[in-house]
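For reference, chains read A, B, C, D, E and F in written order, and residue numbers begin at 1 within each chain.
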Amino acid sequence: MNLNTFYLAVAGLILAPLVGGLVAGVDRVVTARLQSRMGPPLMQPFYDVGKLMSKVIAPASHWQGMFVRWALVASLASDVMLAAGADVLMCFFVQAASASFVALGAFCGNSPYSKLGAQRELFQLLAYEPVFMVGILCMAKAAGAFDAYSFMAAQGPLLFKMPLIVPGLLFVVLVKLRKSPFDIAASHHMHQEVVRGVYTDYAGRDFALLEIAHWADVTVVLWICSFLWATSPLTMVVTAGLFLFAALVIDNISARLTWRTMLGRVAPITLILATANLVWLYLE
Amino acid sequence: MKMLPTVISNLFGKAATRNYPFYVRDNFEHARGELINDIEKCIFCGTCSRKCPSQCLTVTKDKTEGTWALEFFACVGCGVCVDVCPVNCLSQKTSHRPVAVERAVITMTGKLPERPAKKDKPAE
Amino acid sequence: MARTVIPFGPQHPVLPEPIHLSLVVEDEKVVEALPTLGYVHRGLEMLAVKRDYNQMIQIVERVCGICSMIHSLCYCQGIEEMMGIEVPRRAKMLRVVWSELHRLHSHLLWLGLFADSFGFESLFMQLWKIRERVMDLNEATTGNRVIVSVNVVGGVRADLDESQIRWIKDTLVEVEASIKSLQSTIMNDSTVCKRTVGVGVLTKQAAYDLGAAGPMLRGSGVAQDMRQLKYAGFDEIAFEPIVETAGDCWARSTVRFRESLQSIDLVRQALDKLDGSELAVKVKGKPEGEVITRVEQPRGECLYYLKGNGTNNLERVRIRTPTFANIPPLAAILPGLDFADVPVVVLSIDPCISCTER
Amino acid sequence: MIDAYIGLLVLWPVAAGLACLVLRAPALRSMLVMATAAVLAAAAVGLATQAPLTASPAFLASATALHVAQAASFLFPVYFLLMGLKEKHPLVIVFALLQLGLAAFGEFGLAAPAEVKTAVVCDGLSLALVLVVSLVGSLISIFALPYMKHHEEHLHLKTSRQPQFFMILLAFLGFMNGLALSNNLHVFSAFYEATTLCSFLLIGHDQTADAKKSGLRALWMNSMGGVFLHAGILLIQKQHGIADIQALVSPALWTGTTLLPLALIAMAACVKAAQLPFQAWLLGAMVAPTPVSALLHSSTMVKVGVFVCLRLAPVFEGTSTGRVLTLAGAFTFLAASALALGQSNAKKILAYSTAANLGLIIACAGIGTPVAIAAGVVLMVIHACTKGLLFLCVGDMEQTIGSRDLEDLRGMIATSPVTALAASAGSMAMVLPPLGMLVGKWAALEAAAASPVSMVMMAVGSALGVVCWVRFTGTLMSGVSMGSKADPAAHTSSLSTGPILTMLAGAVGLGMAAPWLNAMLLPAGVGNALGGGWGLMPPLFITAMLAWIVGIKVLGRQSQAKLATPYIGGLPSKEAGSFVGALGRNWTLSEGNEYATEFFGEPKLTKLAGVVAVALLLALVGGALI
Amino acid sequence: MCIEATAITPAQLVAEVTKIKAEGYRFVTMSSVELDEKNMEVLYHFDRDLKLKNLRVQVEKGGKLPSISGVVFAAFLVENEIRDQFALSFDGLVLDYQGKLYNETVQTAASSPFCKYAVSKKEAN
Amino acid sequence: MFGSFLKTSQVKSPWLMHFDCGSCNGCDIETLACLTPVYDVERFGIINVGNPRHADVLVVTGTVNKRNAVILKNIYDQMPSPKLVIAIGACGCSGGVFREAPNVLGGVDKVIPVDVYVPGCPAKPEAIMDAVVTGLGKLKGILEAS
């Protein structure tokens, strides 16, 4: 590891959550505009986290604090790994670990909704993980290596080689942004049958840290999506922005489908598309 | 998918939001808002207090002075009292009553009219 | 398979009003659902003892804020019947105007909440944005957005002048257009249909036997609407009940959607029939005797049983509200549902607990 | 010195087992078992210091030894036949007869193979298996001491059957070591049959109807495997006239000839490794006392299968047989993971997950590149540790509460914290980075770069595994524990927590050591074939350690905190874990996991997966013929 | 004025309701009203094609009526409500809230505020 | 600086939870209307949450009765401090027109401390927004004093 990588890693550590927070802010403003509202200030997510930080509340379980920290570390680590050009597949696994810790903390809680939410979170994990992984495998195949820098150094936009993974990645972005179309119940939507699912029992500072972890996750996912057109930093930002916007529009033009639909239909379809793309890359 | 045109036109159109409190729309002419009493005109007959469905008005009087008290936290703004007041001293503003941080009762006192009508019984 | 017991409510994000369901689910399938009420119970029927029959108008109006106008309408009609009062024609037509405006805003409100129950937030926002126009109509014409307090025994308290009538008509044209623009979303959008079609089916026979009311009944194919009784100004207005036959959540929402357009039409008809008669007649005497009156509220048939004894205070005010009637059918369709569909189905009856419990 | 180590590894356990049978005193037995554990550990470590090595200890190389092996190839089938006749089990009879027929053909119908020069070749792979058997196996044997005591107390046996039990248990370890080290196909196959026998006896140990049935199922399936193995060996003998395993695995030998014999041996390995559609015997093995399942799953029996495949792997590289094997392994990984997800029986979850992970290893073997093989070996070692740990934990918890259903294990963290935590750590080690299994999986995925479909199957399987294990942990750690649990102190003994904690340390330690293990296993030339990937692990570990420290600190702080009342819609509750609900009743907040039965229901999925798996195996044999 | 209603005795109730249901009527609701200090009456409302058919049953306060919820399920809710408000119990309720439908206090005819009108009227006179 | 950011955050991000405590729905729908495009309280950072553990402001509509008083108290207790309570409408303030009904205990302050009262029947959405702003002002005062 040279010094340059080190600087990049540190930048990833600090910037990624900030970018994620900003994405959350954009998300809320654009959502509001799509709904003909003025919406909150762009910095609103940061205020929210600041507010949560200063709240005093008893934890719902002794273990939650620990899992929250682990999740945060894992999420940040996945950012750092990307920034430092590490193996993208491992980066993905590390991020999945973060999601697992969130679910575990929810299992430890004492509200039935929290546990129900944890179960659903896991099924959601099951739905998007393979799709995402196959997407990464496609990129790796085209780039000839598994590390982030090779992805970015690929000749020309990867998109043309893997158009079929776009629906899959969009699905992942939707899930990771915690948007409808799925009733995973961790989103802001007030009408949720499992209250806030995995997040039900997290509160105060723990919840704030989870929010930061979530930002980091969103950054990673959008970042990986942006590899599809990684010819310059600008195109990467634009690609990520397009994914974000598409996700917001989908959120606003569709009803929330159940996780059974997600697992039984959306995931298989996107997975098959992505697999077809992967096989095609091999046959070429 | 069917919602797409609406959503997109929302995005590029003007937001429907009225930026209250920075922009306050004029109240409608007949809006039933805050109840006020022109206490100078009040004869403390107590009709309003008897007809009020929420029983939030208390009218008392002694020889010279009358008191008209409104428990405004219980007033439902129906305007019945306004309708029944024989001297039309009650009216409703068009604006809503401001929020409060403490419980209170609005109490107004006024002089009794020179010659109170003889049918007037003291209100409880 | 292990069972999960879920305390659904009384405080729960999908339930804007408190009701409790003790749900038992297995692998997210409901196997048992028992309701608990009483979180909104006030006992206001008994206020008749303490308030005179005129003051009761304001109280029954507050049985529920959503169709407040129709409650007081029903009550006043009962008293008028008891006392043999003939209401002037203008008042009758104005009652139609405001009651249909109430139905319109109530249906828009419900459609929005229904959309939100399956997470379609932007549709919710859109519908409530449209609804604000109707609320403005209410406020400008009566003085209050929600609890309009226009009914008195013998007629109405408020009037419409020419410019207001024109303004209402103009506004309704725009409202109608905006509602229609959402028709395909509510009735045909694939994601919406995925959540509503075939969910929570109540057969025609079951709906009839279990005493369902309103859109719940008509969504199952029974053409019954109290407006067919021709109360208020409905005797002069062309009206056909709106019926769907599927009996699922989709049918109920479609009934309400079509009814909201129908309401606009009814308002127009009533506005055109306004004549120059009095607003209210003078009332003499005290109510005595027994009556039953029925009106159609947004959520269905509402029935008042009133008993007077010749004093200022009524002896009994008994209110049977539509949601009260819709709870047994709900209890009958809940078992076997996916847990994820519980909010959708619960909302599909348009639950108004405040009137259920009074 | 080397010969002595090998002798200790193979013969001592057998001898100690026999001693157990003769000296029936429990105290003596405990001492013997612990001594065996110590001896095996020492010898295995001793051997490790010398590896890689070759040797020809007399008891494996002498003519007598070879004769014994030859005799064994008749004796085992005869015994199986007798068992089959006794129990009137046609399948057992058929396969035993087939085995006998093959043995006779090999003896009389074929020319003897060339003499095998070195009886023992101990490379990284063998050493890995020896270490697994000697360390993990020993720990399980120790754990078995208190477990079997309780077990028999519960069964109210008049005469203890523990002597037989420990005899077989210990001998099993010896046979496994022999199998790992022997370089002669015939000696190998003798040990192979010995393990079949041991597993049959152990599974049927409890003598209940269920146990017998499962034992016989294991027997017929494994003797079918035996038929494949013998057929393969005979074909090799016929084609090449050799019995030397090292000579066998040179790809050069197989250029231009059909891979059928190897495909047959791989089939045999698949049976042992409980690959779909042969998973049934391993699932049946659950009826046995937990140490048996632990042993079968982690360090013995099933490892034979993957060991064989990994042994043959170099030949598979780039062949169509290899590709099909990869597909079959990846498919088992996928299907068994899905099956595991639909289970609530904790042992079944473990069983399916074993089949799944072995599938992954076999997929690595099918790929056959040095990188893949290294990944496979790493997986094998770590899996042994982790799965052993999990079995011990489940067994321990089962003895505490009398149920092995995951739903009943909910909230075990409150009842037996040490075991539940160890189990949690173990199940996290199954799936989360930077712990062992995930690292292996990752390496496997990247090594599978040539086989897109297998990669996708691995991806899905890995997600299924994550869900399954996180849910497992979550259930154990669940906040509300329901029902009354047995006295937590009742079953704790240092002899059961000791092995558990050691195993835990092993599982975590091995996970940390995985990069170095991997480096050791790779031939010099390949170097850092994973594009620096492994270099990532140490920083990840440091991060994980940091997270660990932070987490524990917070845990320490929060563990003092008064807990919030549960959010139950604001309802009042009269006592913890319940609420006052409809009809004024006190409703207990019971919870159940979701199994999404419409996706992961066992009967349907088993049928479907079985069909695909059979097709793949046919393709395996068919592909080799072409 | 008075509403049209057939007066029947509690004993006839279930049979009568069954008959009415067979005629194609559907249950609408029940109303309960106090008559004097001792007695109250319960009205059963049924509907067919917008026409109401009413049954009138007189019963002692705090007394007992057979439940019709076995015949018409929908009646269970209103019967529970009447139990809450007038302390009138029903025999054979399919879902019995034991007088706790609306609040925790189980009312008796003497304690229920819904049963005091006739009493207070009497006092006023 | 971080400290002052945290303090600012607290008044910039009020997450509110609505509990209907026996209201006639009039006030509920007006509260809900605040979220919708025309009023859009998200401008102030307000989110409607359904979970007391995430809520900062408890918005209560309606009269308190015996059964829901327990619930109200429970969810109030489950909110993290500092927390605000806003009583909406005549009912929330005092019991309104139902004060004398047999099953009514009275206003919200019978059970939990109330920070802001919003009179009206129903309270207008504008008044509800005023209430939140007033409540936050009160909170700001408290924070600055500490």
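Criterion: a contact is a pair of C-beta atoms (placed from the backbone, for glycine too) under 8 Å apart; a residue touches a chain by one contact, two chains touch by 3 or more.
All values reported here derive from a predicted model rather than from experimental measurement.
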Those chains which touch subunit F and also touch subunit D: A, C, E
Each chain counted as touching subunit B and subunit C at once: A, F
Chain whose averaged C-alpha position falls nearest the assembly-wide average: A
Between D-E and A-B, the pair with more C-beta contacts: A-B
Most widely separated chain from subunit A, with each centre as the mean of CA atoms: E
Subunit A and subunit D, separation of their C-alpha mean positions in angstrom: 35
Whole-Å gap separating subunit A and subunit E, where each centre is the average of the chain's CA atoms: 59
Centre-of-Cα separation between subunit F and subunit C, whole angstrom: 26
Interchain centroid distance [CA atoms averaged], subunit C/subunit D, Å: 65
Residue numbers of subunit B (touch at least two other chains): 1-3, 7, 10, 15-17, 19, 53-54, 76-78
Residues of subunit C touching at least two other chains: 4-5, 7-8, 10-14, 34, 38, 41, 43, 46, 58-59, 62, 120, 122-123, 125-126, 129, 132, 147, 189
Per-residue overlap in subunit A, given as positions that touch at least 2 other chains: 32, 34-39, 57, 60, 112-113, 190-192, 195, 200-201, 203, 252-254, 260
Chains grouped in pairs wherever the two touch, ordered by label: A-B, A-C, A-D, A-F, B-C, B-F, C-D, C-E, C-F, D-E, D-F, E-F
Subunit B residues touching subunit C - in the complex, by the definition given at the top: 1-3, 5-7, 10, 16, 28-32, 51-54, 76-80, 83, 92
Subunit F - residues contacting subunit A, complex: 5-10, 12-13, 15, 36-37, 40, 42-45, 47-51, 53-54, 56, 79-82
For the subunit F and subunit C complex, residues of the former touching the latter: 18-30, 32-33, 36-38, 49-52, 62-63, 65, 67-68, 71, 75, 96-98, 100-104, 121-122, 124
Subunit F to subunit E touching residues, read off their complex: 65-67, 102-103
Subunit C residues within the subunit B interface of the complex: 51, 54-59, 62, 120, 122-123, 126, 129, 132, 136, 139-144, 147, 149, 157-158, 181-182, 184-185, 188-190
